[in-house]
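Labels run A, B and C following the written order; every chain starts at residue 1.
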Amino acid sequence: MIETREPTGYRQRQRRKLTFARLSFYTFLALIAVAWAYIFVEGDSGFTLLLEGRTWDNAGKFLTRLAGAGQDERPAFLQPEQWWATGRLAYNTLAMSVLAIGIAGFGAFLTFIFAARNISSGSLGGTPSRLGAAVYYFLRILYAFTRAVPELVWAMLIVFFLSPGILPGALALGVHNLGIMGRLAAEVVEDMDPAPARAMRASGAGIFQIFLYAILPQTLPHFITYLLYRWEVVIRTTVVVGFVSAGGLGLEMRLNLSFFHYDQVTLLILWYLLLVTGVDFLSAWMRKMARFE
Amino acid sequence: MRPARPLLESPHFLSLLLLGAVAWSLTGVAWGEPLLHTGGGDSALDMLLALFPPDLSPAFLLVCLQAAWHTLSIALASITLAVLIGFPLGVMASGALVSPDSRLRAPLMLSSRFVLGTVRSIHELVWAVLLVAAIGLSPLAAIVALGLPYAGILGRIYAEFLEDTPEEPLTALRSAGASSWQTLVFGRLPMCTPDLVSYTFYRFECSIRSAAILSFVGIRGIGYEIQLSLGDLLFSQVWTLLLALLAIVALVDFWSGRVRQSLLES
Amino acid sequence: MPNGYHSTPGLKDATAPLAVVDNVTKTFPRVTALDHVALTIGAGERVALVGPSGSGKTTLLNLLSGMAQPDSGVVAVGGRDLSHNLPRRELSSLVGIIHQQLDLVPQLPVVHNVLAGRFGHWGVLRSFLSMLWPQDYHLAVAALQQMGIADKIQERTGHLSGGEQQRVAIARTMVQSPLLVLADEPVSSVDPARAQEILQLLLALTEDTGRALVASMHTPYLVSQFFSRAIGLKDGQVHFDIPAPELTQAIQSDLYGLGQEESIPHQD
């Protein structure tokens, strides 16, 4: 029998691994069941509303008013001057997303090298030091914290002390993405081929020259590609930070919703979709350019 | 030997373009007016100092725990909905169900891709605002608001995984007389189950963060509590809530890392 | 200047050997890579290191390059002890090494990979400036001309063929202009015709009086054709040290373990 020739330890490990995955799966299913039960038991889940005709009437009314029906004048999204008037907001929102990417990009660019383990340990050049190790841990914790706090929470905190405009929104988005970009870039450096850097060191290069000529050329294309991907996410999120008075399309959308100007909301959503599609397209085009190979 | 690269493809050009874009975006900031509120610097300092220490009183920790469970339950419910919607759409979008020469193939794939793309391109908070306006404030609105964009993301990735399965075993199944359904259930699905499961788990992680911020439209949970504490200027409570959010996300991250690892190794 | 070199730094004492390896031992956790090795290499010598894999060739090259330090004994080049943490500028004018894998940065244009040989002489500002406006450009041009690939100077290094990349690596060492040029298996994975070309180019590096070449080699007939001296290593010790033309097939068979008893590691 072939099976008997397999070491038994291996089979046991296999079984244990499978059990862990399976156990996790069942735990997850149980959690889901408890969550649904809790939502129904805890109070008004809203699902009973689905059985009432009134709810559907309201939803229908909301949709028709989004479509511009039930008002005397022409809906906003059919008036060119309204498009023009809200275009300014779309322009600001775009600027906010670019500024956010700029903040995240510069912040990560200035720090990622010190957050890579192979740099702080001196294995690519330079000498390992206590300071380098301390900076490494500080940056890794900073990245973890900034990316774990959602953009919207950052925005809520920042509007506390910054004047409204595109800056607080951009800062909130930028800080969150700084953590994401920093970690990604540091990991790219850690996965990089160390041989060219070592060869440069052997021919007399210092740490700065190694950074400029060996590390940067190898990591920059990845860095820019990730940055462009993040831009696609950021443009979708600009609206969200706008909700908490950080400016742009989001703020206007919330105001219009609370004044029941639903045709305006539709116009703003159309602008939003336009921006999202446009940025997706631009980012794809630039990523093609960044494919330096 | 290759021809010299055209200007548009030179890395310097792209870098300049990006720098130019950032410079342009800076013009959108109103530099003339004070950037800080009056007293803004002080409140920023207060906020920072409130971390030492965060509010750890038992009563508030209980509030935290409740809020965390609220958020977690919304995340769990919405990921269920997302899988229920995203999986069938993803299967349709992958084209695995129709034979390659069927006339239905292109319309089916394109329409399901269109649906997935549309629900995906609207942020969950925008969905939440619209749904709350349409059907009122309730956990249902939150679950649907999260479930729709997540269904879009899951569906697209499911479709990609299903398309990327190696062809040879499938051809073997087909030549043994298996129908499209049978190749799906006995061929494609078993082959990409680890990928599907670990990606769903990763998205569950993201949905916790999303559920926390959904509270801002008025649905209870961590975000809602943060909003209340901020309103009362109780910054040390804000920190406790933030740390609680970090703790759940880190816990799930650790768990899903272990599950991924064990799925990959087996 | 006959070739891509700038002026040769003269030795303090013309009669002193260019490189000295004195009673050097180097051990790694499980093996003794070099066991009390002593050698002197004079200016103008072209030395081939031969021996089976694991015999200590690469370790010896690494010690000579100053990138590794011996456990005991002294390695000196140009009268300077390499264990004395020399400033990188000085070390780079003493030794340069070309690795088997070349270790160029594929994303950079050729010119920067060649000018990396000048980094020991540049400060931070000049290195930064060179990114935009290559410094010491004429050195790179001259070196690449000598290598016959001056037309590739602006090309991306990764787009070049393997042979062209090898020339870029040699051009870098030419620009670096060290007294002692080290090459780790320079022709191990190329066809015979290319091997001849590459060895010719490597010899051009040490044409000037006052320099020397040390390369680890596998092919006996190339050694006798291009080198002046052959040093056989075995189990971390110098097994023979003879003029290259005498590297006969007989010694080869002994070295590569035709005599079976010889290949068993001794325990003393």
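Throughout what follows, a residue touches a chain if its C-beta (ideal position, glycine included) is under 8 Å from a C-beta of that chain, and two chains touch if they have at least 3 such contacts.
Keep in mind that this is a model prediction, so the values were computed, not measured.
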Pair of chains whose C-beta contact count is the highest in the structure: A-B
Centrality ranking, top chain (CA atoms only): A
Reference chain B; chain at largest CA-centroid distance: C
Computed distance of Cα centres, chain C from chain B, in Å: 54
Euclidean distance of C-alpha centroids - chain A vs chain B, Å: 9
Distance from the mean Cα position of chain C to that of chain A, given in whole angstrom: 49
Residues within chain C bordering two or more other chains: none
For chain A, residues that touch 2 or more chains besides their own: 221, 292
Residues of chain A touching chain C in the complex: 195-196, 198-206, 208-209, 212-214, 217-218, 221, 292-293
Chain B contact footprint on chain A (complex, rising order): 14, 17-18, 20-21, 24-25, 28, 31-32, 34-36, 38-39, 44-47, 49-50, 55, 58-59, 62-63, 91-92, 94-99, 101-102, 105-106, 145, 148-153, 156-157, 160-163, 165-167, 170, 220-221, 224, 227, 236-237, 239-240, 243-244, 253-254, 257, 269, 272-273, 276-277, 286, 289-290, 292
Chain C residues touching chain A - in the complex, by the definition given at the top: 65, 67, 88-89, 91-93, 96-97, 99, 101-105, 107-108, 112, 116-117, 119-122, 124, 127-128, 131, 158, 172-173, 176
Chain B residues within the chain A interface of the complex: 8-9, 11, 13-15, 17-18, 21-22, 24-30, 33-37, 40-41, 43-44, 47, 69, 72-74, 76-77, 79-80, 121-123, 125-126, 129, 133-136, 138-141, 143, 197, 201, 209-210, 212-213, 216, 223, 226-227, 230, 238, 242, 245-246, 249-250, 255, 258-259, 262-263, 265-266
